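By letter and in written order, the chains are A, B, C, D, E and F; residue numbering begins at 1 in each of them.
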């Protein structure tokens, strides 16, 4: 059973919209090695896990899998911002925000590259597709039922995700895009470390192979700050009932051989969320004055706070 | 940001394994109108939501979307049980649980219908596919960005999910399968009610149209108990920080015209989870004595309980 | 612009339902070489046709394409009948038509092979998929824009369709299935002849190669009657305004070298259509007494006959 | 059984070719909410219809489905014109129509965005794909067998199609594109009205919800003319034998609350069709002088007018 | 550039046809972890290889990739035999080989499970699909361009292939199927060893992790003979010009820790190939007496032996 | 069983990188009518061939199929060169080869059209997809089991491949691209001739229809040199054991009616292969100094030349 808090797992730095960067980021959301895939793969491996002796391994999968839902939320929100009201900065300030000004059609940006579905099928929001527009598919999910194989696959998966995010970083200088890319580079390394450590528990010695790819703060300034916080060596459980035993695996020296020690926490602090503004040229949400009034009336209705047994205890 | 508790959203009633029922249930998990789809559709509609005036509508989507992750967990676990060690009851008791007895091959059941991937690709676990074995695809996710359209689609989606589960109920008498099917019939109706109510807030009057399909406890005994608990008229928020405003919409007489009143709670109590046993004929988890010893050693390692600010407050 | 008459292009012979035959026939409907594909391929080749000099070739494509829509209707209706109320004849007469009798679940047939979607996604009707359940895809449509290539492809396509229908004939003895299969074997040959004749106009001499496959009435008794009517050598235009020039190509000795001469007509006589009965176990159409009354009231409403300029002139 | 007349369902206004607009329009042809989908969905719902009491509902589906075949023809032809001989107007007049002039390669336009398959796989014609190049798939077709659900889905489908066409209108100012887009905006509204009316017959009251999206002539000048003709409130039967009972449903005040009354006609007048010219750089149709002579000889052959019982009666 | 000899890479043991086993084996041919995938993945990694320093790694990929083409040939031929003339042994000896005997339809076997396309689309031959009938897709091919990642993936891929073949072994006792399955279990282990050794060259120590899965001759008698020949520790180069440097990597103690030493050879001896007999019920090859005579005449034509510089030198 | 020599089947002419041309060429590699498809189609038709009388036909399929593996190697290598280090020539010389110079991001080229996966998923290498980025699929493979149909299909397939390559030639003037395109135009014609000749053996007379498309050296200067060498009329067997009987079919006057005579050889001479250089901005191969040293040490290891019975005999 899963719960939600209205906070993003990491803060998104503001910058101009950038549809090309948005489209590239779709690979990190709906691509073969993106966050939807890691999320689903680890959740299925958790649901189907065999062998009560291996509870710490299962709990590790549940923890990373739950974190990945938050990554899906983070990267989807980042894409939505990058594609929102685009693209004022490209020299025609009146184009989208004043539809029709100067004789331009208000959505002509949709024809100039990237994924036309961002404007045509959705209303300037994220899509469950990759950077080529191919939809995410359940075929991506790997769960062989064999523990060593699953761990090997997951290590490779996180490393490939990290590789692609390093390439994404080199494709765009947009700060909104880079703030999320840098965060995921570091968290992918954290997950590389977690799966590599789990394989060390099965006897493997990695020596100099990790991290993959062989790069870090030297190329990516935004990554440096996060490394200074040791974020590449922390594992989160996202476990409300504190029953997770992932911490039994995630301790000791990092397999990345960077001198840090692995540790475990429940969850990061997170950052506040906002609701995006209306885009009338998209008919989103598409309320005329009469319908808007009905919506506002509903938002003013009284409600009783639902009783619940889960919440903030700190 | 999302959290997890190690409890299933509803209890699964024990019964014999039943691979044919397991395969049919895959439609409810990875099918075009299954739980993976509702989960992803509502989450994307939440991430991309436009119009701060509509917060109660967005929070409704977040609440149902988060519940659906728990439904994915429930139905995946149900399928895993139905396909586990199958099928003792089909007249050849020695076939799978004593591999090779009587000259039978230990996995010959895999060739006799259903989805061979349950035994060949996975290790007797759930797959992200439908009852025909087709993988789930991001193409299923509908988010037009237009609020009335999204609500209409969601109402239709829940009703179609409920229709398919009513048909599934009529395909199998297996108690494990039916306990989850019945629960989802009732919760799908709850979500029908929620989206229908949101459309009532926009002025629509449904009169006699709901629920779809036009059936209830009269055909499905397991459903009756749940109706007696009013589960078809409760909305859960799964909101840890209690910021959800879904309750502003989910109140007043049910659109199903069954005499009940809609209400809102944080979450159900849930039921305990277990880890499945090893299946050596599947090499799952595939640990020989040496590897098993390493796994057990890891499970005995000391760990510090990770500090966290979220947990049980009741 | 297209029109419809409420008649099937050929009569369907009654027999018992037969879900396995229904599933096999899906290949002829939604398969890579089925009727949806020929229909779409010829229509796209018509829409995109280049070269005013080639009007008879374009009109041939339009005529066959329009006939194929009627074939889609015929084979879909055949499948719907084969899967309707199934399967009384399989030794358990009470199973489906008296849901729940003898403790059997009313839709257990859905788990016993064929395509479970016939009962679970649809309500015992045809699906736009092939005999493996794979959905029809636009990738099937071939239109190179090169006339000789399109004609070669179409000849190969019709021959492959005919080959598959000959194999289907050998898979089932069900009379409902065979009446439609036999009709399509003969009409596919008619289309083979038409495209082969068009290539003869470009200089090719087929000698002994046709028809493909090399078989005819000798194996398929139902085919013989239709051959006696010369149906393998008739081309229909389905042209309401009689502007089709396909007849310039479809004349002279048949490329099948069977001694017949090709000729052209507007359309066959056809056979009456019926509306299928309700299947309550499928919630199809799913009307409870209150909704049924509303439907019947609508069916009794007065209406003015719409004026129109097209109709029966004979 | 279906028939064809050599007329387009609406006139296409001439303008310069525009490959980017052509590619965008592909969404309306082969997209998830395009005309191929509505056509196939309504035809399958017609073929599989259950319940003789509901004949007016079935006939409504048949009528709209048959109209959609004509829409497929219209939008495919529009795309073919937009991508034909492109793009003279983009500042390099000699590029395509004088292949090789100025050292440019004759098909270099194919590498500059849009869908390269328009030039590489087809010969500057329409493709059965969407605006991202994804092929149409049978998975799009929804037919639950449940009448209320099918009507709800169809209402949502037409509204989503209309929403996308409104967005398409805002993406391009090309007159060829806009003439077809505007026509389809109005006809989609007509179909919204028809399905909404059918649901009114089942008791639903829409109040202010329709049309979706909430826009009309105020943004789209080309739409205004068509509204003045009342085209958003007319239903066509395309029924040759005048047996359609759709008119029983399509009468009374419009669910769009625009003050009009719904009515029924057989078919619109339509506009003449033309055959596109040869494109030698595409080898389309690819006839050298010898083959062209054979084609012309075939076109001069005598033919007998095929006798037929259907035609113009007005 | 590639060459062919008319020999199978391993002998196929004769047994009765067995369509269910044939269908299961399709996973090993066209599945996500089958031979078409390993073949294509290693060939693409070879074509795109970066870094002249790494020639032994590239040559290893080329060698295994070329071997996999031979595996595709072997498993396709095995499937073709298993599905050929099926299934005499299932109690109705007259069914297929005497079409129509006893009133049975000659191809009714096609309706009784497995993949109907084996009889309907192909003529009792292998298909490029998996055991669920899903077509092979280029999405399976992984080539990140990063050497450590590619090696990790390849190790995981071979291990998963071997895992699935171990499961296949346990699904069928058919000797034809098992002879090929056992051979591939051993060769997959050979490739596991090769990639594991290449990672050892990069510093990794596997300790007790390999082979995956943890099983060998103890369960699979047919495997034992091949292990006695040391086939799990031999690497083939299939290099005609002897330029392959794969042997620099494939030497020293086996990573499987089975006491053997890795070594390299050019190619195995192989076994003779045969051409399958005609299946008239499939119209395969579909020659009537006249066409057969033409084929035989062609086969009797004189020919000059083509000169060539490559051939047998031993 | 297959073998490899480290030579390309034809030389690739050097020129500047050109990502747009690279992307267009993907159609020739992974497209519906590209080299992966011809390769797989002919190999499956060879594996499944029926009828010992038809050995020359089977051997023809094996020979062309084996040649196509070399074509896959050739076109993949061509694409890799076109996308390697791109694109110096586009006016910003410092962009890719000096990552980060002038403030540009090193991989910004990835966002400017073509297929972003060339830089994001792969490391500037070829992908198994078409020019729209759609992955190759096993659905492309046609093997009906009927010899005349297979030959007709293959003739159409080669002609369509040649048509697309003629269009590709007209899309780009890049010499690297054109050298491979021109070679494939000529070899596709050779294969057209081979399949046309095989159909002539079955009685067909093509008269003036071939080659398709109707063009040759007059438009494509690079093609002329190859025609002068008679490459359009040579068939290669790639048969190491010289058992191929394809030469019985490939003799006599060319069906293209160009005055040449068909003949058969074992294989062309080929051209040397190279290993591409490292691309650090792609982390390909991604070796840091420590890993590079290990790789170099491996490349210096001694090895014994593997004994083998196949090699150069000329």
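Here is the rule we go by: a residue touches a chain if its C-beta (ideal position, glycine included) is under 8 Å from a C-beta of that chain, and two chains touch if they have at least 3 such contacts.
Remember, it's a predicted structure, so these values are computed and weren't measured experimentally.
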Fraction-based call for chain E against chain A, same above half, different below: same
Chain of greatest Cα-centre distance to chain C: A
Chain located farthest away, centre of chain D as origin (C-alpha): E
Approximate Å spacing (C-alpha centroids) for the pair chain D, chain E: 48
Chain C and chain E: spacing of chain centres that average the CA atoms, whole Å: 39
Chain E and chain F: spacing of chain centres that average the CA atoms, whole Å: 23
Per-residue overlap in chain B, given as positions that touch at least 2 other chains: 32, 113, 121, 133-134, 137, 139, 144, 146, 148-149, 163, 202-203, 208-209, 212-213, 282-283, 286-287, 291, 294
Listing of all chain pairs that touch each other, if any do: A-B, A-D, A-E, A-F, B-C, B-D, B-E, C-D, C-E, C-F, D-F, E-F
Residue ranges of chain A touching chain E (in the complex, touch as defined): 32, 137, 139, 144, 146, 148-149, 152-153, 155-156, 159-160, 163, 199, 202-209, 212-213
Residues of chain B that touch chain C when the two form their complex: 20-21, 23-24, 27, 31-33, 113, 131-134, 163-164, 166-168, 170-173, 208-209, 212-215
Touching residues (chain side chain D, partner chain C) in the complex: 1-9, 30, 36, 40, 43-44, 47-58, 62-63, 66, 69-70, 72-73, 76-77, 80, 121-129, 135-139, 141, 143-149, 198, 201-203, 237-245, 247-249, 251, 264-268, 270, 274-279, 282-287, 291-292, 294-314
Interface residues, chain E side, partner chain C - complex: 99, 103, 105-108, 110-113, 115-117, 119-121, 133-134, 281-283, 286-288, 290-291, 294
